[in-house]
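Shared between the two complexes below is chain A, which has chain B as its partner in the first and chain C in the second.
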Partner chain A sequence: MYDPLQATMRVGASGLEAQSRRLRVIAENMANAHSTGRTPGSDPYARRVITFESQLDETADANLVRVASVEQPRASFRVEHMPGHPAADANGFVRMPNVDLVVEAADMREANRSYEANLQAIRQAREMITMTLDLLRTT
Partner chain B sequence: MQLFSIVSRHNQWLAVRQATIAGNIANANTPGFRAQDVQPFEMAVAQARLAMAATQAGHLSSGPADAPATELRREAAWETSMSGNNVSLEQELLKAGEVNRAYRLNTSIAKVFHRLIMTSSRI
Partner chain C sequence: MIDAVSSLSPSVGAPAAVGGVGTAAVRPGAASATVDAGADFGAMVSQLASHAAGVVRNAENISVAGIQGSATVQQVVEAVMSAEQTLQGAVAIRDKVVAAYLELSRMQI
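Then we have the complex of A and B:
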């Protein structure tokens, strides 16, 4: 049988990886909040959303998490009136990315919170291993 | 000597519980994931001791006597989000703290008893 405390570490690590991928996608969205197209009427940057799925690890008999997909949800772009812009159409309108910085910031906080919780689970498992090892120590 | 066996079994159960909690935390943002927990340890012990014999066909079986303590069950959760996920991080961290405390207690007991035995054998 696989050591449950080792399994805890593995599960926690999978959670850390998933949450850091999520943070990366959020950072991409924030960085590209004003990335328009280059030619008139072209599409700007489209917001990306990460989705997770549960995955059963056969050897450890534990529920890992992994990134299911990074999708671009169909949401309409904002339109701004900037006649001098290279991406402006005949009427002077530029299509802007559908990124809302407030939504991204809230998402980032949640990713941060989940990351911390995973870290805490790993820390506790490590502490439990240390406690077991301490039994060997002669006092 | 019975004590060491109970302590190690309880610690094993706690380790499995910690792994389950870690799985819940890792899947805290997975749509449709339901939080899990292991069967209580008292129940696992009771199942191991109270194996009723079915001498007639009509008797209800009490389940296998050596039921593993790692059987998962659905957890009564504090909240369910829109995505069908019912993992509450606060609840999971609370349980993890509980596991940690019990583990510390067990290892301390084992350590004290070990010291006791060592003291008596030194005479």
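Then we have the complex of A and C:
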């Protein structure tokens, strides 16, 4: 039998890793919010979305979380009128990435909160383990 | 009385045995570490110590990997915290059992 409190910490650690990967994808989206193609008519950067799935950990008998996939959802690119841009078409329109900075900022905030929640679970498990061990110390 | 104290060791030694850490490399001198838990007091203590040493060694390896950038911060923290707890548990149990034996040695004869 695996210690449930140890399993809690393991689950929390997997949550931390999942959320940090999520933050990485968000950072990529934000950094590439203005990454266009180089040639006329070429595709700009496409926004990425991360998905998670649960994963059974055999030894701990607990459901961890892991990154299922990083996908590029189908969404139309917006166009901006920028004549002279390398990626501008004959009418001077450039296709821009489908990244909405407000959406990414909201997603980032959610990733941050989720990370904090997982940290709190780990902290709580550690505290409970320490409290139980303290029974041995004080007679 | 002595039986009562000794009977503590199987339950104490069992978690260390479950961990399955290679004890031979950690404590070459303690050949009794392979003796089943509860055989004698020294074997139990050395088993506890070697298990804790193995966990700490694992934490060290992951810490070095983290400094080199091949392990994530979360992995480093998890390993170090696990080592810290194992050590705390081992020390607490050792203190308890040693205190029990000291108590016996102080008995008026």
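One rule holds for everything that comes next: the second predicted complex is superposed on the first by the 137 of 139 C-alpha atoms of A that agree within 3 Å, B and C clash if a C-alpha of one lies under 4 Å from a C-alpha of the other, contacts with A are read in each partner's own complex, and residues count from 1 in each chain.
To be clear about the criterion, a residue touches a chain if its C-beta (ideal position, glycine included) is under 8 Å from a C-beta of that chain, and two chains touch if they have at least 3 such contacts.
Not measured: the values here are computed from a predicted model.
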item	value
Three-chain arrangement built on chain A, chain B and chain C clash or fit	fit
First (chain B), second (chain C), both or neither touched by A:Arg126	second
Comparing the two partners chain B and chain C, which touches a greater set of residues in chain A	B
Partner chain(s) touched by A:Ser35 [first = chain B, second = chain C, both, neither]	neither
Touching partner for A:Thr51 - first (chain B), second (chain C), both, neither	first
Touched partner set for A:Leu64, first chain B, second chain C, both or neither	first
Partner chain(s) touched by A:Ala117 [first = chain B, second = chain C, both, neither]	first
Touching partner for A:Val11 - first (chain B), second (chain C), both, neither	first
Centroid geometry (CA): angle chain B/chain A/chain C, rounded to a multiple of 10 degrees	50
First, second, both or neither for A:Gln72, with chain B first and chain C second	neither
Smallest separation of CA atoms, chain C relative to chain B, angstrom	10
Residues of chain A contacting chain B in one complex and chain C in the other	122
Chain C partner contacts - residues on chain A that touch it in the complex	6, 9-10, 13, 16-17, 20, 122, 126, 129-130, 133, 136-137
Residues of chain A touching chain B in the complex	3-5, 7-8, 11-12, 14-15, 18-19, 22, 51-54, 60-65, 110, 113-114, 117-118, 120-122, 124-125, 127-128, 131-132, 134-135, 139
Residues of chain B defined as touching chain A within the complex	11-12, 14-16, 18-31, 33, 36, 70, 89, 92-93, 96-97, 99-100, 103-104, 107, 110-111, 114-115
Partner chain A, residues of chain C touching it in the complex	72, 74-75, 77-78, 81-82, 85, 88-89, 92-93, 95-96
